[in-house]
Amino acid sequence: MEASKKRQSEMVQEISGTNPLKCMKCGKCSASCPAYEKMDIKPHQFVSYVINEDVEALAKCDSLWVCLSCFACVERCPRDVKPGKIVDAARQLAVRQKGGSYLVPDEIPALVDEDLPQQLLVSAFRKFRR
Amino acid sequence: MHGIGVFVCHCGSNIAATVDVKKVVEMARLEPGVVHAEEYQYMCSEAGQERIATAIREKNLKGIVVCSCSPRMHEATFRKCAEKAGLNPYMVEIANLREQCSWIHKDIEEGTEKAVILARAAIAKVSLNTSLLPGESRVTKRALVIGGGIAGIQTALDIADAGYEVDIVEKTPSIGGKMAQLDKTFPTLDCSACILTPKMVDAAAHERINLYTYSEIEKVSGFVGDFTVDIRKKARYVNMDKCTGCGVCMEKCPSKKALSEFNSGLNNRPAIYTPFAQAIPNVPVIDPTQCTKLKTGKCGICERFCQAGAIDYTQKDEIVTRKYGAIVVATGFEIIKLDNLEEYAYSQSKDVITSLELERIMNAAGPTKGHLERLSDGKAPKNIVFVQCVGSRCDESKGKPYCSKICCMYTAKHAMLIRDKYPDVNVTVFYIDVRTPGKNFDEFYRRAVEEYGVNYVKGQVGKVAPQPDGSLLVHGVDLLDGKQLKISADMVVLAAAVEPSPSVRKIATMLTASIDTNNFLTEAHPKLRPVESPTAGVFLSGICQGPKDIPETVSQAGAAAVKVVGLLAKDKLLTNPCTAKPDELMCNGCGSCANVCPYGAISYEVKEINDHGIRENRRVAVVNSALCQGCGACTVTCPSGTMDLQGFSNRQILAEVDAICR
Amino acid sequence: MSMNTEFKPKIVAFCCNWCSYAGADLAGSSRLAYPADVKIIRVPCSCRVNPMFILRAFEKGADGVIICGCHPGDCHYSTGNYYARRRMTLLFSMLDYMGIERGRTRVEWVSAAEGVKFSNTMNEFVDAVRTLGPNKRLGDLRCKD
Amino acid sequence: MKELLQDGTVNRVLGWKKGDLPYNPEPAFFKSAEELDEFIYDGFCGANLSKYMIAASALEGKTLVLLKPCDSYSFVQLMKEHRVDREKAYIIGVGCKGKLDIERIKAEGVKGIESISGAEIDGDCSTLKIGTIYGEKEVAYKDAMLERCHVCKGKEHRIYDELMLESADTLDSGRFEAVEAIENMTPEQKFAFFKNELSKCIRCNACRNVCPACSCRKCVFDSTKFDSAQKANVDEFEEKMFHIIRAFHVAGRCTDCGECSRVCPQGIPLHLFNRKFIKDINEYYGEYQAGNNVEDETPLTDFTFDDLEPGERR
């Protein structure tokens, strides 16, 4: 059990390519986050979950799906910790566990709205891809 | 060589734990030339040294090897010990059994085997050692201080008061530095100018201090005790002897578009200017990039109005060459550029300013005459947000990895002063940590919170967004309350990181003083020699060595001065005898050794050489051993091996190689 | 047990007194281990290292030679390591040209503060030399089969 | 030449003297007009006379020296190293139509040579007519040329007081082709190649003695300073390392005159060492020709802040 928790935490670090220990808890990520109000776990708290090897809680939280993947936090983080990448990695872990109940790529073009901003699409792909 | 003694130190258990010292002694005895070998608990102790001295005397040892810690640690100790016992100090070699053996190896067999080899190499080397006598070099009793800020001024004053001549070289037209730009100082809130200007006057009036303002270091050669420095005195276009400092020229100058460096570029100054009213020397300079006369040949107004006839458009840069015994670097700091931190909108809004700019705004001699107002529209701000750690404690892609150390305190000072003078202004400080180690520092910060009602919020600002109505929307977070904040401010003050003055890199290269990745000068030892550079005769004062506030800078300035005085008080210095030595018989006189010598220590003479009975005049290399520092560059460039390095001769090094590879 | 794990290479490291030797001391005081195969010779500057020393080491049975000096720009003698860099660039290129394995020679700039780098460098270098096995080629250069 | 010698402008002439065979003229000092009768300058006068000027610089009066275009580089390099005295030399730059290699002629299967014509400097130098005990044979001049002439640096003298005789262009192959070919070998092939070549070395020191850059009063290999003296016969160190160290010592100073390879009795292509250094220097630090002039900084006593690191490639 302990080992699998540790493994999950390592997976997040591996996928995200970040080192949560670099965080100095300045909160700039939370200050920058446009989705802050809707989040249950705030951006500056992500690193603690990884350090404390509680990725499970992170993978279950709403923030995972509230995050817009705008990467403002990644861009501005003074220590290059990239909370957005951490949440992205947690999301991938969650997605991997859930199994394949997602869109087939061929179905997508029909569903795309012309007026939709590109960035949203990319974010959506990042969030919902398998 | 016969008569070698080997002394193996246990260093308590530091060496003895992973090296079988008895075995090392046993093996050393088998080496050729070794007549004595022993081990002892602590060779560097008095009892240990006594053992060595006794053995040297009783067994008439010709050379000794001490197997102990690094030679960087105790080579000098054992050399002294040998000298006292009547052995030339350069007949001592150290085998580094601690740092380079016992401390890195866990296996005793492996450690012992390596220790035996290291001892063997040292024995092989010492058997080829020759007695060397250090030379003497004179000490020029004059010091150079580079930089005329508070660090440089204080160092110069202390050296001069101790009785030695000092020159200060300052690149701007006046001494005073950054401290002259400050309004008040923490934690006492006394006026910066009030405490600095008397020191500036003292320095200028001191009979043993000579100021070279508007001057830069051009070239440095020589070594401790005997540096030769070229100083470029930039053309002032004003004759310093004639100028009375009346200031009419500055009033009359029609070209007033240049940004005032002293006021952080917040207002303008004329082309002919002194940086500030209390400048020392009170002699203006003409900025050649701004002066119409110098650019187009037309104008000449200042010359016409100058009663003293001091204006001289034909002045040229002048190089003065001076000799010094010691050099102090006090080049200070600059505020970093904020290009990588665009989220704070520094370049987008005039009302986002740095703390140094606020310093000028609050100063009575500043661009707003001391009135707190917005630079965009001149209105009095109602909400001010301070942002801490701007570019400090950052990943290297964004800013500086270090803490700038002074920002927490000056921000508390600013917040307090504003609340004191304008009680209706709301002041919010976004901080990550408030760092206040220092006498009366935390008390000062607490007063800002408790007495002056400054609103401290833990959390970094994410973004500053200029609004169409001219206000600034600050996106922040209160991490303790778990709330995201959006504060409408009308002024944002950024505590931008400090960095060493960019000029220091060039100066460090000229001085061969080492510099770290952040361009701070490296000290000789971080704890025990904090004001000395590893380069002998070069000392450090102020922020050039690392971030520090005024009291720390002044103490370091005093410490550097004492070190300088200690050096200048000596009449002669002993020089390193490990210098290059040419063999005249072999020398081709080809010139390649002089080409690679960084000290100009090699010259060529035509000498009559007696080469096995054949007398002829030959051009041969001659080494000035006072200039030679013993790097050995010449020894390798010389194809015939004419040049050899005493103490590290070809044969000695080859003997070590052979012993290691045996 | 393969040959490589038993093979204990002889490695000679020339370290300049001001930076790399101090870096090695720091590795020691920080207890950063590296193989005992490495034996350090102290020289005042990397520019003191004569190609003769390197070839002599190989001749006497060294399996690898590494030269460590101050980082370019930080030389205690201001320019020594720049000369060393040119000399070693050419010498190592020549050895490579003669078919002597490139992995047996190395130059690394290690400052007095880089104990970790010193230790890592030595670990890497010893590994590389171990993989190459005992040095035979220089010895064999003039022996006809 | 005779006039200059007779009117006292020069005290002696440094040139080539007829040998005992048609193809082996040798360097010689001529002190009188009579002695000059034995003077010769033809296609076999490959010897670079500039090194003899070191000794001549110590003699009384001026020496008239004949330098081929490629020899003049060596002379300039020696001037740069303060080894020869320009004031003591009267330099006649002689033209060159390529110099011949008797080994190449022999390699063509020519044996029992009695006479050779067609090597005269004033001829057209296209065909050699060789009289042998087996009858007359013909060899194309070009095929008999030394390797160095095929990669000629050009027929312009770097220094002279007077020019004589015509030159002919002989450059017809790439200077670094052979070096590149070796560079492209596998480490095993490289090793095998050099092992084969160096195994022939008998340490006769001919290469060292002829080399204008190897002009040390005392060679390190004869000196006590490196523990390498008097061991030539017992310690194989010198023998193995000699050529590497020799090439290193002349790196940046070697003008690529090719004398080392010309004189090697074992036919070891020693220029391949020097030329490798020259190629590397050109590639890493910019084109450099030793002996071009006296002003240029020698590559190994120079540097730039952003030089390549060892092993790095541009």
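The chains carry the letters A, B, C and D, assigned in the order they are written, with residues numbered from 1 in each.
The rule we apply is simple: a residue touches a chain if its C-beta (ideal position, glycine included) is under 8 Å from a C-beta of that chain, and two chains touch if they have at least 3 such contacts.
Values in this document were obtained by computation on a predicted structure and should not be read as measured data.
The set of chains in contact with chain C as well as chain D comprises B. Relative to chain A, the chain whose mean Cα position lies farthest away is D.
Looking at B-D and B-C side by side, the one with more C-beta contacts is B-C. Chain centres here are Cα averages; for chain B and chain D they lie 53 Å apart. Between the CA-based centres of chain A and chain D the separation comes to 72 Å, rounded to the whole angstrom.
Annotation: 46 Å between the Cα-based centres of chain A and chain C. Taking each chain's centre as the mean of its C-alpha atoms, chain B lies 31 Å from chain C.
The residues of chain C that reach two or more other chains are 51-52, 56, 73, 79, 83, 87, listed in rising order.
Residue positions 596, 637, 650, 654 of chain B are each in touch with at least two other chains.
Shared interface positions of chain D, defined as residues touching 2 or more other chains, are 220, 226, 300-302.
Here, these are the chain pairs in contact: A-B, B-C, B-D, C-D. Residues 10, 12, 17-18, 21-22, 24-29, 31-34, 36, 39-45, 47-53, 56-57, 60-62, 70, 73-80, 83, 87, 113, 119 of chain C are the ones touching chain B in the complex.
For chain A in complex with chain B, the residues that touch the partner chain are 22, 24-33, 36-37, 42, 44, 72, 76-80.
Interface residues of chain B, counted against chain D in their complex, comprise 583, 585-592, 595-596, 604, 611, 616, 619, 637, 639-641, 644, 649-651, 654-655. Contact residues on chain B toward chain C in their complex (touch as defined above): 70-73, 96, 98-101, 103-107, 110-111, 113-114, 117-118, 121, 509, 512, 514-516, 534-535, 578, 596, 598-599, 629-633, 635-637, 645, 648, 650, 653-654, 656-658, 660-662. Residues 51-52, 55-56, 59, 72-73, 79, 82-83, 85-102, 105-107, 137-144 of chain C are the ones that touch chain D when the two sit in their complex.
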